[in-house]
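Below, chain A partners chain B and then partners chain C, in two separate complexes.
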Partner chain A sequence: MKIKMSLAELSAAWGVLTTAVPQRSPRPVLSNIKIRSAEQVELSATDLDIGIRYVFEEAQIEDQGEILVNAEKMSRILRENPSDSIEMEGTENGTRLSYGSDEFHLPGEDPSHFPASPEFKGKKMFEIDKGVFQTLIRQTAFSAAHEETRYALNGVLLELSGTEFKAVATDGKRLTLARTKCKGGKGMEFKALVPLKGIQALDKILSLDDVSIELGADDGNLYAKTKRAEVICRLLEGNFPEYEEVIPKGYENRVKLNRQVLASKLRLADAFTTEETKAVKMHFEKGNLTITAQGPESGEARVVMAVEYEGAPMDIAFNPQYFLDGMKVLTDESVLLEIQDANASAKLTAGEAFTYVIMPLSLD
Partner chain B sequence: MLQLYSTLIMHADFDAFFASVEQALDPNLAGRPVIVGGRETDRSVVASASYEARALGVKTAMPLSQAKRLCPRAVFLRGSHKRYTAASQAAFSVFDRYTPTVQSASLDEGYLDFTHCARLYAWEQKCLEHAVDWQTVAEQIKNEVKQQTGVNVSIGIGSNKLVAKIATTLAKPNGIVQVWPGYEAAFVAPLPVGAIPGIGSRTAEILGTFNVKTVDQLTRLSRDLLVRTFGTYGRVLYSAARGIGSVVLPPPERPKSISRETTFEADTDDPTTIEGMLYYLLERAAHQMRSIGLRARSVSVRVRYSDFQTLAKSKRLDQPTHLDVELYRTVLHLLERVHIRRMRLRLVGVTLSQLSEARSYQEDLFNPSDYAAHRDLLESVDRIRNRYGFGSVIAGRALNLMKDHARDSGGFQLRTPALTR
Partner chain C sequence: MQKIVELDQSIVNKIAAGEVIERPASVVKELVENAIDAEATRIEIDVEEGGRKRIQVTDTGYGMVDADVGAAFKSHATSKLKTPEDLFHITTLGFRGEALPSIGAVSRARITTCYRGNEIGARISMDGGVTGPVESTGAPEGTCVDVQDLFFNTPVRRKFMKSPAAEIKAIADVVTRIALAHCHIAFLLRHNGRRVFSLEAGGGLAIRIGELFEPEVREALVPVDFHAEGLSISGYAVKPSVTRQNTTGQYVFLNSRFIRDRGITSAIRKAYEGFLMTGRYPMIFLFADMDPAAVDVNVHPTKVEVRFKEPGAVFGGVVRGVRAALESADLVGTVALDRSSVHREAAIKDAVGQFLSQAEPASHTDRRPLVTPSLALPRQFADAAPAPVDAPPLKFMQVHEQYIVVETPAGIRLIDQHALHEKIHYTRLMRSEGPLPVQRLLVPVTLELSAADWSGVEGVLEIFRAEGFEIEEFGARTLAVYAVPQLLAAADVAELVTEAIGVLGESKKANVASARHELYAMVACKAAIKAGMRLSPGEIEALLEQHEAGDLLDFCPHGRPAVLDLSIEQLDKQFGRI
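Now for the complex of A and B:
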């Protein structure tokens, strides 16, 4: 096999494909990315939980065949950004890479030992706008858990029912729900609990370029397809909690907040918390929201923002990071915060599309 | 005119610490000469000698063979650091109840700062602040330490650490010496220079060449001369000779971890006993942790099998907590991971670590907690235990221990004396 590839495209593709290369594996062959040239050039990587296949655009095929390229070594070559293009050639005892005057030999591993990519043909899939989907996963993934013990929370639940497409994630302390109207997939049922790693791979693939993504799920796997890439990802087992039950229907005390002002005030207060005492107290009263923070060693902060609050005066403590995480994934000018009391969750919404439920802290 | 203490420090020091602990734990040793340091045949030195042995001339750091010659009927013991640490902890927890500012100088010696507590004791003694009888306070401390550990402690009272410490040496054994404010210089003046802490034989020898034998004589040397001779330490000597010493106690160090472990009376594989004991040990550790206002982020469980194989596992918690119920949930989870062999256990232990002063608790969306209820309950239980002894409340699975463990107000009687105060 012999091909010449654009280094810019290879670099972008490699960044996506390496998300599926395992750090350590009992099967060393998986530390490679397989490159196959036929009518077109295809790159594939898998850690057996997630598999990614990418079809290359700018390649000149001189000879057909298959080679394996060590993912880490190639990443290091690409990091130096040495040239416009690179040549790859299968040799008798391995692979030869070259550009300009530089040349590398990788020891041979049999490409036939690399697991075959699963077939996508015949899968029932629906289409959704790339930008919309990317926004949805970015608005939710941050609130997923990273815990062994609550395994079913270590991902994002993607759900299509009727014409509504939803993404939900929670770590048990806060929950995000983002939704959109989706015309594709009429009458199709789709529900997939996708691990964070899969979400990360999808996000990266969508950052390469395309206009839409197709999704489908069966037998515990997610199938995703864009123009250039295919992703198959094993879904999380276990039950995602009944999330609808913990989303408050709506509280009496509501306040509209300027997103950027709130974020700025929270960052100020947050500077006066420590890792040990990650807490701010929010005091709501007519016309004002006062945010205070204090720690035995970190000092004290008291910041005030003018708000249109009409309810009864109220004190609620929160981890400021939870709010800041939410502010970061939004672009809306203002958000609506609904609160009940110091022990109940707070509900933050940006229109119909985004709902964020945050549990308070109990302070002593 | 009677001067007032502007600062007030007490220095407390155990009498013949190791030997006294042994005597307190074994009534057969009471009144007999006890020497801790090793068997009489060991080639080691005396670490601690009871007053009965001291009366016969036995001194600390003397070779054991020599002690044996002086005192052939003495009981020689190797000693156990664990027992001494336990007694020390018990005494310091008494100190902590009298003042928030306590500095541990060593296992058997500590400073208590009462400077800011005068009003509190004035109220207790129904008198004015300047009239507080500190001697009575010191006696209360002595009695309580004796009650908790069975060991005598001597106490020196003064306006600074130096004077208090020197007073203690004069108070020994089992006494209290108080130096009145304004009399510090007069108090130290007649003493030999060696009475000043830090002056060893080498310094005393150099001072001897200046014909200085007593502290009073030391005051005649100028500060310049002392600094030229001893460097920075010369400045300390100059002050010390005038009864001036530090009044500042360094802030207490936050412990890195708090552990409680014990050996079973007989090796056991009975889950109710093992779980009961772990619950009890956890309660003891968590009680101690709460008493110093901390919460734990990490829990570990240690077991030792009959064949002495030891296994330990730990887990980082989602957030710091001081609630027994949450900590114990993790303890049980860890027990499953360490109790994996079909063999009896001889020892179990619990360690709380990654301690912090966190003051908030993150509520959960799906599992509503009873945080406030648990917190308030524990606060009450802690108060009862502080007042009537740890054994006054037996809770949770520690109830499993009641069938075959003796108990008094201090708690269950375990093989680890730390837990059988």
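Now for the complex of A and C:
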């Protein structure tokens, strides 16, 4: 096999493909990325949980065949950005890489030992706008769990029902739901609990220029396809909570808050919390929200913002980070906060599209 | 027919003298083993007040004839050994002929029995070592041994009995072990009239494990099947997705007898090598069967230790059998670490390279996104985050993805990354002063406990509540957690609580302070950087800074140091410079 590839495109693709290269694996062959040239040049990587295939745009094929290239070695070469293009050639005992006056030999590993990428043909898929999809996963992924051994929380639930597409994530203390209208996939059932790693891979792939993404799922896997890339990702097993039941229908005490002002006030109060007591107290009363924080060593903060609050005076405590996380993924000017009492969940919404349920802290 | 003979003195001498009855659980063990030897198909165990007040074991075995009843409380009366040779061919569980008399010596015991096929049964009692007459009585087929007021005449022993919750837990542990090896027998264990567990007969090992352990264990079983000349190893290995923090989850049986053997424990560890995080231990249910002549079971009177004639063959069999099972199982996604030497070498080379350059952090695979990253990703994706650009001022390097070597004014410092980080966390947690915030949960976390853990749960819940947990019993063997201390909120609630209950149940004096230590130690360990984790220079720096800043509590959960200093003098001496 012999091909010549654009280094700029290779860099971009490599950055995506390495998401699927395992850090450590009992199967050393997986530390490579497979490059196959036929009518097109195709790159693939997998850690057996997630597989990514990328079809190259700017390649000259001189000879067909397959080679394996060590992911890390190539990353090191690409980091130096040494040239416009690079030549790769399968040799008797491995792979030769070269450009200009530099040349590298990688010892041979049998490309046939590399797992074959699964077929996408015949999978039922639907299309969704790239930007919309990316927003949805970014608005939810942050609230997924990371440590749980109940694996079902370590990911984002993607669901299509009717013309509505939803992303949901929770770590048991808060839950985010982002939704959008989706015209593709009418009458199609789609529900996939995608691990964070898969979500991260999708996010990266979408950062390579594409306008839309196609999604599909069967019992065990998510299939995603863009113009140049295909991702297959093993789904999480286990039961995701009945999220509809967790989201309060709406409380009487509602208050509209300027997102940026709230974030700024919370950051101020947060500076006065400690790692042990990551808590701020919110006191709502007619016209005002007072946020206080205090720690034995960290001192005390008391910040006030004017709000249009009409209900009875109310105290409720939260981990400020939970709020700040939410403010960060939004662009809306204002958010609506609904609360019930000191022990019930709070509901924060930005229009119809974004809902964030946060559980409070008890302080005594 | 007289079945019991008094042991020949020569056999008596061969038997290691030793205490049999240490605590209520030992009584239960001896009585249940007798019932099994009598071919019982169903054994009911009733315990009151942790066994202090009463232990009653009723079986459906063949019972005893009158003459046997009279001899049962005599020392070294056993129907199971006749000649010294028999001692080397032990297949029944009891063989020492001293359990019943030892029990009768320290309690008020009564045996009621009816020999299979007989109309009329017999009864005998022993009260603090004084045997009564054999009396005829109506009784169902089988035997019932009733032991009351254990240790009433040995006040010191009585004083050293633990709380009822701790004793019933130990009893449940004993019955669990026996029940695992005897799936053809039905068991019922009750404490103060309340059912601890009820096990059906004849469903096979997997079903029995399912009855005794939490659902995660049930779902992670992989069959083990290994055969060699004169040796067979079977049972189930548990996938590394479920682990324990010690070896108590390892059930090893030799010819159906529960044993503890260091060699086998390390063979198991070896078989799981590369599948587990440091500090975690696998669970396993392993049955080794071999010619009884190839083992000496009488090494220790409590009979859990053994000596193999050919240990190498047994350990090799365990490693191969378990490894084969794990390799055949679908473990993708659960494999925690692969510490193959090849990879280690590469890692060391990397680390050295990085140490020498210091300017540019190398990573194993360059995961720095070439396109703008935007998802805020957690610690597990730390590799994806752009590495800090500014070069660290200190000279340090990470080696073997486990230790950090730092240059200090006086010499060098070696740091165990996990141990140090754990210590920092633990100190912070223990220094925090209440009242601390409690994080409410969106949906209550429910957790199902093993039968043994459930049996002792009452005493433990109060302790959790005192720490700020909102926790309730929620049906059979299930707890529901509604809120957790914020400090612990990042941990997996179900895992944390399950593990803490296990540990607290074991400990002698479970109180709020010890529970606090356990919980925080656990959380500190979980939150700490693991051995085998690649750290970026920024992360190492942060760790060193925290170390500098904190005057840390003396805490070594594993009894080993976190930091070692080597002075220039020491180094010079080693190199023969001075």
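Quick note on the criterion: the second predicted complex is superposed on the first by the 363 of 364 C-alpha atoms of A that agree within 3 Å, B and C clash if a C-alpha of one lies under 4 Å from a C-alpha of the other, contacts with A are read in each partner's own complex, and residues count from 1 in each chain.
Criterion: a residue touches a chain if its C-beta (ideal position, glycine included) is under 8 Å from a C-beta of that chain, and two chains touch if they have at least 3 such contacts.
Please read all numbers here as calculations on a predicted model, not as lab measurements.
Q: Clash or fit: chain B against chain C, after overlaying the two structures on chain A?
A: Chain B and chain C clash in the superposed model.
Q: Would you sort A:Met359 into first (chain B), second (chain C), both or neither based on which partner it touches?
A: A:Met359 sits against chain B and chain C alike.
Q: Give one of first, second, both or neither to describe whether A:Pro296 is in contact with chain B, with chain C, with both, or with none.
A: both
Q: After the superposition on A, what does A:Lys123 contact: first (chain B), second (chain C), both or neither?
A: Neither partner.
Q: Examine A:Lys227 and indicate which partner it touches, taking first as chain B and second as chain C; both and neither are also allowed.
A: After superposition on chain A, A:Lys227 lies in contact with neither partner.
Q: Could you look at A:Arg267 and tell me whether it touches chain B, chain C, both or neither (first, second, both, neither)?
A: In the superposed model, A:Arg267 contacts neither chain B nor chain C.
Q: With both structures placed on chain A, which of the two partners, chain B or chain C, ends up touching more residues of chain A?
A: Tallying touched residues of chain A, the top partner is C.
Q: In the overlaid three-chain picture, which partner chain does A:Arg24 touch, first (chain B) or second (chain C), both, or neither?
A: Touch partner of A:Arg24: chain C, not chain B.
Q: Using the touch definition from the top, say if A:Trp14 reaches chain B (first), chain C (second), both or neither.
A: second
Q: Now for A:Arg96: first (chain B), second (chain C), both, or neither, which partner does it touch?
A: neither
Q: Thinking only about the overlay and not a real complex, which stretch of chain B clashes with chain C: 207-215, 225-233 or 351-359?
A: The answer is stretch 351-359.
Q: Using the superposition on chain A as set up above, list the residues of chain A that contact both chain B and chain C.
A: Shared contact residues on chain A (touching chain B in one complex, chain C in the other): 147, 170, 172-175, 241, 246, 276-279, 296, 317, 319, 343, 345, 357, 359-364.
Q: Please give the residue numbers of chain A that touch chain C in the complex, ascending.
A: 11-12, 14-16, 18-19, 21, 23-26, 28, 31, 48-49, 71-72, 75-76, 78-79, 137-138, 141-142, 146-150, 170, 172-175, 196-197, 199-200, 203-204, 207-208, 234, 241, 246, 275-279, 296, 317, 319, 325, 328, 343, 345, 357, 359-364
Q: Looking at the complex, which residues from chain B come into contact with chain A?
A: Its residues touching chain A are 318, 320, 356-367, 371-372, 375.
Q: Residues of chain A touching chain B in their complex?
A: Touch residues, chain A against chain B: 147, 170, 172-175, 241, 246, 276-279, 296, 317, 319, 343, 345, 357, 359-364.
Q: Spell out the part of chain C that touches chain A in their complex, as residue ranges.
A: 216, 241, 274, 332-333, 335, 337-340, 342-343, 362, 364-381, 383-384, 428-429, 431-433, 435-443, 445, 483, 486-487, 489-495, 526, 534
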